[in-house]
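Each chain carries a letter (A, B and C) given by its place in the written order, and its residues are counted from 1.
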Amino acid sequence: MKKISKILCMLLCLAMIFSLCACGKSDADSDAKLSVAYDKYLADLKAAAGDGSNGTLTVALSPDFAPMEFYDVAKTGDDAIVGFDVLLAYYLAKELNMKLVLKPMSFDACQAAVQTGNADIAISGFSWTYDRAQNYAISDFYVAGENETQQSIICLKENEGKYTKPEDFIGSKIGYQGASLQQILVEETFGDMDVDTSLVYVDLGTAVEALKAKQVDFLAVAHGNGESIIASANDAIAFTGFDFEVDDIYKNNVCLLNKNDTELLALVNAALAKALENDYYSGWYDASKVYAGVKTLDELGFDENGNKITE
Amino acid sequence: MDFFTNIANIMVKYWKTFLLQGIGYTLLLSLIAVAGGAFFGSLMALAKRSKLKILKGIVNAIVEVVRGTPVLLQLYIGVFVFPMIVPVLSSLPYIYSVAIVLIINSSAYVSEIIRSGIEAVDIGQMEAARSLGLTQRTAMLSIVLPQAIKNILPALGNEFIMVVKETSLASTFFVGELMTAYLKVKGYTYLTMECLVIVGVLYFALTFILSKLLKSMERRMKARA
Amino acid sequence: MLDIKNIYKNFGDLQVLKGVSTHVEKGEVVVIIGVSGSGKSTLLRCMNLLEEPTYGEVWMEGKLMTPPDPYLHFDVIRASRTYARLVSEGLSDEDAIKKIKDDDLLKEKHPKTEGPEYAALLKKIYDDNGIDINLGRQKMGMVFQSFNLFNNKTVKENITLAPIKIGKQRLKDAKKSGKPLDKTPDDIVSEANEKAMKLLERIGLQDKADVYPSTLSGGQRQRVAIIRALAMEPDVMLFDEPTSALDPEMVGEVLDLIRDLVKDGMTSVIVTHEMGFAKEVADRVIFMHDGVIAEEGTPDEVFNHPKNPRCKDFLSKVLY
């Protein structure tokens, strides 16, 4: 028993050291403001929601991908899952007069959930790909700001701005997240050049670590994710200045539905068309970006109460 | 040095996510899995010793399938296929399906632990009891099982530690345990390495404390006999 | 007292006992000798049904302990076609069964001695014939080569476990059938404890009553094992090579105790390699070879004037 209490003591000490050296650097105060614009959009969508008499809409998503979908640990329950796709999910539920159920799971599992009927729809920053189109019913496009339209390459700070055209990358290693749009883009752009494109990462976080450790020279990322990464890397990482030429079909995100669910697909598409017409997307996306700490309210044209300043 | 400041900052901001939620759910899931596993595993061990060949066959098949497939795959099947069989599950959070899968998984291993624990007791003990005129049942209950438990408990402890680590796979369905905490925090901060170090230290602390506790229990048991 | 009739025992395809019959009288001491693998231990274990004979009968004090002729009940029925053929060829019932056994005509239809059907059938036959193996076993004390003391019980608990459990069970049964109770459960416990202490005193180990067997020497363990069997007040003691697992210096104390018991008139069957001891205590010596009794007689007959060449050979090796 003595030994165990010793170990517990040691652990306690460790925890104290943790909190001590963190005390000086806390920036918890500024966090409250980050969600203000987002919360407004969410509150509006919830307020407009109907009685949910058309049943439940179960949405699968993989909330480890700021600003599209991520966790706010300060909130509880379903509210803790936030981001652009979450607003979209609430919007769809409102339009279809259904009750929303969010089911968080890994990116891979999202697809399996839709396939097995465990979720009605997967909204998790999916891009259109040929293979997905074969196996799922795919919604019309929705646009999350420049998250998909602008696809960039990031590098260590010291190389910022030095690489602007494809030829500059000859002889280097470019990494990307597996099964992503970036994989397609990298293979299309650099496939027949002398560029090592064999480095595939399971998730972006791991890829960023590899970049920091210089195991890979560059990472292909969606611009929005790139901003999030740069924001938390304490200026160790930057954009190279190179952007991919993105085919129209890749520029946007899609929702995945079960192949047989054509009825729901039609309803979702109608709702998406309405959102596009009324230009809901950009506001949601900007609010999510602020929430993710990538940009400030000011930079994206919100006042400090989270209202979009219209010119 | 950045690295450690980052860790400290993350801990300050997200300590609840890691320590309360993460460790809480990890321990909860592990306890449910091992307690359920001990209960159903005992039943399965009984079934294995039964004379009914069909029962024996079914249990053996379950054990072989569970031992022969990865836990992650079992979780996928549990989460996506169980609700088709038991509709109630589809309206419950995934943690229910995950817990059921972990219980089944742990039952299979525990049943093997119990079986081998019983078999490790010298057959002479049973023979001696029977030769004194005791019934099979009495001999089992008062001679063989108490000795088997001495073999079983340490192995059960190890199983518990294994399960603590296996619960990490449940993060595929964001059920809230330590690895989910990692996913949540790194999804927002993109500080992968820092978050990994934190959950790594926590997992190690958990299993280390558990194994020390188990060792002291073992010692006490040995001292008694 | 103990009757063995034509015992066969197969382990899979291996025939260990091939028709052994003998009879042990009250107060008699029978010593079984023979090379390893000759079936002597198996015979002893068959006597108290630790091994279930494949065929044959064990009678304890006039009560049958084995199912009456398992061949008749199971396999002659299963081999009825063979049986019918033999009868139609003019054999009598008895001769037909004998022929099936002797010529091993059941080989293809090996007795099925496993599974729920067998267990159920066996139970029915036991019930129909009033056979109670446990009751029979209580009247036979068994001493094992490797002691087999209960590791999880103290020395005293080892001795009192069976008397207490069985005593209480009898009490329960009596209560169920409405018979008047002559003692309370507490009486049974205190009686058992008292008896255990008396027995421990007899072997001079009363101060070891509350220790676990693992702290005892081999000789002490075997002596405790012997008095554990005695605590059930058996009518016959079966010793299965009681000194084979002992260091040489401890053999003496165990043999002394057995000698003591025998002198008190305890009916005993002893499997042993201690030829000197066998000569000394035995009323009758059985020499087993290849699953049958090859030679049987008084110690003088067997040791000094063996007729069987195998027995001569064996004795010349073990007696120098």
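Please note the rule applied: contacts are C-beta pairs under 8 Å (C-beta built on N, C-alpha and C of every residue); 3 or more make two chains touch, one makes a residue touch a chain.
This one's a predicted model, so the numbers in the text were calculated from it and none came from an experiment.
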Most central chain, Cα average position: B
Far-end chain from chain B, centres as C-alpha averages: C
Chains linked by the largest number of contacting C-beta pairs: A-B
For chain A paired with chain B, centre-to-centre distance based on mean C-alpha positions, whole Å: 34
Computed distance of Cα centres, chain C from chain A, in Å: 78
Whole-Å separation of chain centres (CA-atom averages), chain B against chain C: 45
Partner chain C, residues of chain B touching it in the complex: 51-53, 122, 124-125, 127-135, 138, 142-143, 146-147, 150, 225
Residues of chain B touching chain A in the complex: 2, 4-5, 7-9, 11-17, 76, 79-81, 83-84, 90, 94, 171-174, 183-193, 195, 201, 205, 208-209, 212-213, 216
List of chain A residues in touch with chain B within their complex: 1, 3-4, 7-8, 11, 14-15, 18-19, 21-23, 25-28, 31, 63-66, 70-73, 103-106, 108-109, 112-113, 116-118, 203-206, 208-209, 212, 228-229, 232-234, 292-293
Chain B partner contacts - residues on chain C that touch it in the complex: 48, 50, 114-116, 119, 134-135, 137-138, 140-142, 144, 146, 148-153, 161-162, 165-166, 212, 214, 225, 228-229, 232
